[in-house]
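Please find the structures below.
Same chain, two partners: chain A is paired with chain B first, then with chain C.
== the complex of A and B ==
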């Protein structure tokens, strides 16, 4: 009986999160649509201003983009295109926006994925040590270090790391994802790629770990002052038993949410880090699109990034509901 | 007369107890001192900067990419004519120290004005949603949630790129997209305050909604607003620098982020021009960290429930 009620609750929770997630995706598409229409001039006059098309082609392009239709029909058209992943044509790359993004996405995922995982591991370790030594000198040192990397501008750290490790010490390549020309055999190719990956990954890991360390520490300290921990201590459990059997398990839950929420910031970090290291990913592409005012590319990138972040949030919400039975459906 | 005097000394007492608590927080003191120092630089700006970095006359005052002149204390083999000033020069021989000084004005100006917009919008949304509840609350909070989920930096990049690079656009774009967390925090506080006896009694004597919101609820959430303001300023300065680094800064107003944009574009890393890279980034770091420290110190003093665990 009770289980049925719980299952119903979860199903309802899932449904609500799904509706909310779809609404958010919808909002992103709408924002994208509005950005272009509400701004002074229409997309075509921007194209002319950017020398992409000649003025005499205006009428033709207007018809092509459906700009002679009423606004609500344009919106429906845009919505249909967005859902099917069509975001128009890039000014600078002269190819469909989506193709360029899909080409670069694996590089960004490799960089961000490895850096995020590393940052989470380091962050949790530092946070646990910090909470363990609460108030002692080790805690203060780690805390200041975490705060330092939490507020350091990622691109600045990137330039410094590039200057030191690539140009001065010559330990790693200075730019790009692969050497030119790239090695032809498989194993050297992978090593070459990883060699290029190290510095940008290190940069992002450093700026990310601080956030995770601070959250782990604060959550653990919160938990360690709870009554059940006092009881565990009164039962005679040792400090490490309390930490690993009780505290860390409970601290994992808020961490999942924080990691999901921090994804948005991670993406921001990717734009800047990829810019510094000329990493051939979506982030560097955004920078190049800003420089050449490639609006279709920017909009496509904004949609893809938002979509990934929204999806990650959705997965985190669902996971949270599955893992934590106390969650309020 | 007497009453006034009493009130004055009560204020004095409160300020004294506030400052003794605030200044017992070492990191808070550090942040406060750093911010006062930066405020002084902003105030005297052009008087201590030897050159106006925006004037054409400042181009070529020294050789391009010249290291600072005190480098000769460490490495006397560098000829004096190859060095320049306190912090060296950039790619067209402009004085970097002057740029850092002038840049502080833009970075802090954008930081404060955008934060002012965010805090005002966030506080009003939080107050209105929390106080009125119902459909209005639902609508405002769903909008807030959606804006919290959408990664704001890419959105800011798109908006700033389309609107064009100007100080005004940066302030508007950053300010308009940075109010969500303030709104959430204020709202949850208002929800619990709304049920308190002094709001009930105020309503009973016929106060208008407007009066209850701004004369009763607002003063009670003020401590939260102050703490949030400090953290928002930190966040906004960080964002401004980031957008400027991506080339979205106003080219007619040098800022720390814009300096780093040029440093990166002109390969300062390849030339080993650390004097070009280190100062602006260090300034951003110091100011952002200081605001965070001050914010946490304020939180400790003003919201004492969470103190001393």
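== the complex of A and C ==
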């Protein structure tokens, strides 16, 4: 009976979360539409100013991109296309928006995914050691290091890493996703890709790990003062048993939420890092699209990012409820 | 208060020279491939240059490398910095559509608030000198009027006097002058500056601070470039901005920027200055066929421009290019720098006569490779390697032959000008098809008939194109114009008729996937966001022919002899440059000098045959040895014999006497 009630409660919770999520998605789609309409600069006039089109073709171009329709009609058209995953044609890349995004997405996921996972692992380890050695020199060193890398401008850090590893030590290439021109065989191609991945991944990892380290450390410190930990110590359990069997498990809960949201941001790439290392990802594409007033591309990219963050939050919410038995529906 | 750091003047730049320009014979390409990797920041480009991943970089184009880094770069023994004064300059257009900038004395007062030399020294560390005219000397020739000097100069007192004279006075004592028509404080003038250029932002801040001292409020607005373009060229809502002018040639700069027809959305007349007299002068400029008259008109315009200043020229841009010494073939083109068409033709890895891959970074992807669409410099970097025009500009930026080996101009009785282009006969398109006059006719007529935006201004007056034979093109222009040769010959790329006749879309928007041209390089691959590759066109009509390797052969002898080298006589001593390989050398067996006969004895390698064959694989010294041969009675032997006889006789006589005793 209790289990049935719990299951029903969970189902209701799930349904509620799903409705909220869909409402959020709808709100994001609407804001995504409006935000580019209020930005300064008219994309068609930019095309005229750059002599891409003749002034008498302005109307034709507006018609082509639906910019001559009333705002509400543009919105409905946009909604219909968004649901089917079509965001139109990119002004600058001259191909369907989704095609360009999907072309770059693997690079972004490879970079951000690997860097985020590495940052999580390193962050947790650093947080655990820091909490374990609280107040001692190791804790202070790790804390200062985490705060430093968390606060340092990523552009500056990227250039420093480039200078050290690419120029001084000549260990890694300076730019790009692959060598120009790239190797043609499979294994050398993969090796080349990984070689180019190292430095941007290192940069993002250094910038990100601090967040996880600080959350882990602070949560663990709080947990270590709990009564059940005191009891565990009184029972005679060793420090490592207390840490790894009791404390860390409970410290994972707030981390899961942070990790889930971070994973949602993976698809957005890292504009600064991708620019410094000339990494062909979604982040740099967004930057180029902003400067080119490529509205369709921006709408597509922002939708993808928003959707993945919302989805990640949804998964985090559901997962939290599953992992933490204290959560009641 | 703006804090300014005054730095010392820069030291002269080292000149990067692997070939002297005088040895360049306008043939090429010398490398097998040009690769343009996308490296999106100047800092990363510099690192790539230092590691040898790329061959060079334009430090001051698109996004500037901080000028403070230049002295440090100069210390690198593997790199050279080349500075080239360009025709482009930073200028401050003033929106003459709006009050108070439509008042001449107000604009002049503003000019008096600007200390250009100070800006040059403090913001640009002396690299960018102040500019005196809208056509600076870097245009070359005699287009720049030497008599035009900036009559304003930094003079706040004079600025205040001018403002007082037009009754812009601070009536309420709050430090801001009042507009006499409204009585209210002047609204701050919005000064738009591209945010990607911190130097220009600082420059605007200094100007603002100095103008504030005479009561002109200025609000500096660093803007993203697209927004700036929109506000300046479309909406026209700005007050002041800092822009870069300096289109080449001189008449193009004037026509694009100052004709009232350009004061339309997308046009170049940013200041919106309407002057019927200027329009007449510019129209005359574009239609005169007399070079002297054209020059005089351009000189006159410069005088007027400095009087009425719709824009106030500030500092001249200097292109700072950095090249690696691991690469040979850098050439400097006047007003352009080392990244010019001839460098791309001549560049190759060090020590290689022809071959290798050269990498030049680009900071953003070209938008397209279509020569009929409007282009940024980045697009041109690629397009001009693939497509050719009828004429070109040489290293001194003078008109030179290209697809057309010569041209002539005839003026008909009705005033029509006919330009005849005689085409080279050995030109092929990249797909192997022959290039003929039909391609030129088709290109020019299509640009006119399809109203291709970028070429229309250059084809003004062109009403007919004829191809009397396969390699001759006659272009008829309704009125004589000196500028027509440049506009049609240099600025219009030629496209292949057999490909472009099948294109149904609007050419100005057409996305060319596989460009076919006649240029020195063929399109190979464009991995967008990564790199673009061009390969050498082996059938290029200006193909480079490697010179054979030569070595020095030195011939000498202990007497004066005549050597024969490969059948040709050479008098001793001989020093020849001969190609690598075998050569026949011979000397006479006997030589008579002053009645004495000499016989050949041996070469330096001890061989005794006066004829020999050498295999020349390096510099070689060859020496022949002769000895004198005895030709008359052998007096030596006779005397020796007489001496022997005498001695024997003496001995015999003494012996005989002894016996007798």
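As a convention for this text, the second predicted complex is superposed on the first by the 280 of 329 C-alpha atoms of A that agree within 3 Å, B and C clash if a C-alpha of one lies under 4 Å from a C-alpha of the other, contacts with A are read in each partner's own complex, and residues count from 1 in each chain.
Here is the rule we use: a residue touches a chain if its C-beta (ideal position, glycine included) is under 8 Å from a C-beta of that chain, and two chains touch if they have at least 3 such contacts.
For clarity, every value in this text was computed on a predicted model and none was experimentally measured.
S.K.: Counting only touches as set out at the top, which of chain B and chain C does A:31 meet: first, second, both, neither?
M.R.: first
S.K.: Check the residue A:293 against both partner chains and state whether it touches chain B (first), chain C (second), both, or neither.
M.R.: So A:293 meets both chain B and chain C here.
S.K.: Is A:195 touching the first partner chain B, the second partner chain C, both, or neither of them?
M.R.: It touches nothing on chain B or chain C.
S.K.: When both complexes are superposed, which of chain B and chain C contacts more residues belonging to chain A?
M.R.: It is B that touches the greater number of chain A residues.
S.K.: Using the touch definition from the top, say if A:151 reaches chain B (first), chain C (second), both or neither.
M.R.: First partner only, chain B.
S.K.: With the two complexes superposed on chain A, say which partner A:275 touches: chain B (first), chain C (second), both, or neither.
M.R.: In the superposed model, A:275 contacts both chain B and chain C.
S.K.: First (chain B), second (chain C), both or neither: which does A:162 touch?
M.R.: both
S.K.: Determine, under the contact definition given at the top, whether A:284 touches first (chain B), second (chain C), both, or neither.
M.R.: A:284: touches chain C, not chain B.
S.K.: Mind working out whether A:174 is in touch with chain B, chain C, both or neither, as first, second, both or neither?
M.R.: In the superposed model, A:174 contacts both chain B and chain C.
S.K.: In the overlay, answer first, second, both or neither for which of chain B and chain C A:94 touches.
M.R.: After superposing on A, A:94 lies in contact with chain C but is clear of chain B.
S.K.: Counting contacts the way the document defines them, which residues of chain A are shared by the two interfaces, the one with chain B and the one with chain C?
M.R.: On chain A, the overlap between the chain B and chain C contacts is residues 159, 162-163, 166-167, 174, 275-276, 290-291, 293.
S.K.: Mind listing the chain B positions that touch chain A in their complex?
M.R.: That would be residues 142, 145-146, 148-155, 157-159, 161-163, 234, 238, 241-242, 245-248, 257, 260, 263-264, 268-270, 272, 274, 277-278, 280-281, 284-285, 288-289, 292, 309 of chain B.
S.K.: Enumerate the contact residues on chain C facing chain A in the complex.
M.R.: Listed in rising order, the residues are 35, 37-41, 43-44, 47-48, 50-51, 53, 224-227, 229-231, 233-235, 264-266, 359, 361, 364, 367-368, 373-374, 451, 453-454, 506, 508-509, 511, 525, 527-531, 533.
S.K.: Touching residues of chain A toward chain B in the complex: what are they?
M.R.: Contact set of chain A toward chain B: 20, 23-24, 27-28, 31, 35-36, 39, 147-148, 150-153, 155-157, 159-160, 162-163, 166-168, 174, 221-222, 225, 261, 263-265, 267-268, 271-272, 275-276, 286-287, 289-291, 293, 295, 298-299, 301-302, 305-306, 309-310, 313.
S.K.: Can you list the chain A residues touching chain C in their complex?
M.R.: Going through chain A, the ones touching chain C are 40-42, 45-46, 48-55, 57, 92-94, 104, 159, 162-163, 166-167, 170, 173-178, 180-181, 275-278, 280, 284-285, 288, 290-293.
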